[in-house]
Amino acid sequence: MNVALATSGPAAASAHAVHARLRGVTRMFSGKLSVHALGPLDLDLQCGEFFSVVGPSGCGKSTLMDLIAGLSPPTEGTITFEGKPVAGDVPDGIGAVFQEDASFPWLTVRDNIAFGLRRAGFDVAEIARRVDYVIGFMGLREFATAYPAQLSGGMRQRVCIARTLVLEPRLILLDEPFGALDQQTRLLMGDEVLRLWRETGATVMLITHALDEAAMLSDRVGVMSARPGRFIDVITTGWPRERDSNIVADPAFGVVTARLWSLLRGESMKAIGARGA
Amino acid sequence: MSRQAAIGWTRVAVIVGFLAALEILCRMKVINPLTLIPPSEMAMALWGLFVSGKIWDDIAQTFSTVALAFVFSVTVGFALGALIHALPRVRRAVDPLLASYYSIPFFVFYPLLIALFGLNTVPLIVIGFVFATAAMVISTLNGLDRVPRVMTKTARILRLSPAQAVMQVTLPSAAPYLFTGLKLALAYSFIGVIAGEFILSGGGLGFSIAYAYNEFDNQTMYALMMFVLVIATVMNGALHVWEQRLLKRRTRA
Amino acid sequence: MTTQPPAWLTLGGRAFDGVVILALFVAVWQGLYAYAGDAAITSPLATLAYASSLVQTANFWANADATLLAFFYSLVISIVLGVALGLVLGARRFAGDVAEPMLVALYTVPKVTLYPLILLIFGLGLSAKVAFGVIHGVIPIVLFTLNAVKNINPVLLRTARVMRLTPWQTVSTVLAPAVMPELITGVRVGFSLTMLGVLIGEMFASQRGLGFLIINGISLHNVRMTTAVILIVVTFAIVANGLLLWVDKRMYRGAAGV
């Protein structure tokens, strides 16, 4: 594990082999119409694993991430992170990258990345050290003084990832972060995510609608049903820790992807049917 | 020549051409000199007003009135906008009012305001304020609406306190729209005050224009009219340029 | 499993809120009356009573008709001129780009500074009032039309060509509906501003009309008259704008994706 980005990674987290746990979690939305968005579902997120969630549109994948991050409270059930309950407040040690561009257009790349550190009150030298390291790590050195508006979509997402990494989170949540990018860029970004996963030793949960991406990147893939989303199955890929996008050559990759689709096909049709009805 | 430059020069040409045409038509007496005087005479008369010092009191009064109306409207407008934004029920009730706000001819309230507050600058400040505040409220609501949800989520993930989230994320994100509100508030304050001075009050640039009109003093009248037009354009133009510079880094090239 | 939406979202809830706002407004009015007395303003009840008797007098309607006539002329001229100019400037990109900031600048300048000029050109009377109305109302109509045309999605034009529509069909079935929503919004804004211009014109350049009644009321210290006419004018403005808003919203409901 890289010393410069020392997280309390596996060391502290191994005190809890299960990093985050959901039991009987449901989420309902009230308002003009009441919506049963998610659950009930159970999940054990293992420390240091790369876990993906796939499912048809509208099944509640993003809602699941919001719940784990503490961005919204569950209607029923319990969520714990590192042994402590989560509800409505974001616990320390969680980082998140979203599908939409969340880089702050009024700050330079460097200031964007340093943002969280400054608010958290780290001292100037530590901020400079971490920011410099992450800028190098994410390949943003040339653009450190540029503004997000001058960068491509992929670069902006890298800035968002950098901003998250610099806080050394133990659990990294990614909600379709590459959804707005083209396929080739997605594959390259996938490799980058694997790299940072290995180097930080953090637990990673990736939400994606791309089956191949889930199959390629993850240790385990949770397959969700159509709304209200529940886990139909959790598939273990068995990949080695040192992997990258070349895994597509492995015959097992095709098997995993095929299995995911066979589980999802029916659910996806339900999701479309439900919307067309 | 780049397209931007061509556009700029065309504008200059249009304005210069228009002024030149006016000048010629006036000098040739095609336009009745009792109706309109040549632009050059307007400029000379204006210069004369500056030299003789007659204009300074008016400028002081009008500008101070506008400044007060502007400052009040921006602060109250922003505060109200933020408050309404935070209370969805109030917003629902108030939205139709805001949509109809500028259909109300506020100038009809002038006489009432004078009866209430007397023939001083207070009715003018009130009218300028009333005119400008709604624009600031609407712009604030607009700006806060358009803060992308992902920004607010990011602020929470970064564990900012509510105050920090507002100051460091929400406001900078909404800044362009707030600036628009500022521009509109200034323009409307100015319009409200000048119109009020013209119609009813005893002082300021607007009043002097009306007075000159009634005294058949075309020189002074047109000098002042030209001054107000130029000042309004320069003020709004300056704000516009400042806005472009502030936002240059933020917008997609 | 469904739950009831919050009470304030229902139609009944919103009507209730509307009544609350109205009550608040009347309360403030009553408060002002208590503070300033009959010399400045009349109470809500007295105003309502006087206004209802006023609208039965011939004198009132003589003035109202003068206002409505001037308003009608200004509106027609503003719309015709505004839409025509807007179409041209929207279609001719260069001209539009040159003109738009200039129009916006004109819009933010106090038009009251042009009043003496208009009076000198048109004299006192109907044509001056109409001119006032037009200078206030025409610019927003131009700007909205200009932007509507400028923002016509090129995809629509390509689709019309692929479907081999005639020019007239293209305009009537594709382009006109595409610009209609913004055009209506422009007309709505222009409507209010035109009325404002006409009223202001009447306030100091006419011996007839509702604006004149207001100013006249002040100089004759007829506070009841002034307050009542103001109430009538403001009510008309709000109701008319509300109707136009409703039309405006219906247009957008039909427009895809808005």
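Just so it is clear, A, B and C label the chains in written order, and each chain counts residues from 1 on its own.
FYI, a residue touches a chain if its C-beta (ideal position, glycine included) is under 8 Å from a C-beta of that chain, and two chains touch if they have at least 3 such contacts.
These numbers come from a predicted model, not from an experiment.
Enquirer: Counting C-beta pairs in contact, pick out the pair of chains that comes out on top.
Expert: That would be the chain pair B-C.
Enquirer: So which chain ends up closest to the centre of the protein, judged by Cα positions averaged per chain?
Expert: B
Enquirer: Just how far, in Å, is the C-alpha centre of chain C from the one of chain B?
Expert: Once rounded, the distance between the two centres reads 19 Å.
Enquirer: Roughly how far is chain A from chain B, going centre to centre by Cα mean, in whole Å?
Expert: 48
Enquirer: Could you put a whole-Å number on the gap between the CA centroids of chain A and chain C?
Expert: That pair's centroid distance is 51 Å.
Enquirer: Residues of chain C that touch two or more other chains: which are they?
Expert: Counting only residues that touch two or more other chains, chain C contributes 9.
Enquirer: Which chain A residues reach two or more other chains?
Expert: Correct list: empty.
Enquirer: Would you tell me which residues of chain B are touching chain A in their complex?
Expert: For chain B paired with chain A, touching residues are 148-151, 153-154, 156-160, 164, 168-169, 172-173, 175, 249-253.
Enquirer: Would you tell me which residues of chain B are touching chain C in their complex?
Expert: 6-7, 10-11, 14-15, 34-36, 89, 92-94, 96-97, 99-100, 102-105, 107-109, 111-112, 114-116, 187, 190-191, 194-195, 198-199, 206, 209-210, 212-213, 221, 225, 228-229, 232-233, 236-237
Enquirer: Flag every residue of chain C that touches chain B in the complex, lowest number first.
Expert: Those residues of chain C that touch chain B are 8-9, 14, 17-18, 20-21, 32, 36, 39-41, 94, 97-98, 101-102, 105, 108-117, 119-121, 189, 191-193, 195-196, 199-200, 203-204, 211, 214-215, 217-218, 223, 226-227, 230, 233-234, 237-238, 240-242, 245.
Enquirer: For chain A, which residues are in contact with chain B within the complex?
Expert: On the chain A side, the touching residues are 69, 71, 90, 92, 94-96, 98-102, 104-106, 115-116, 119-120, 147, 149-150, 160, 164, 167.
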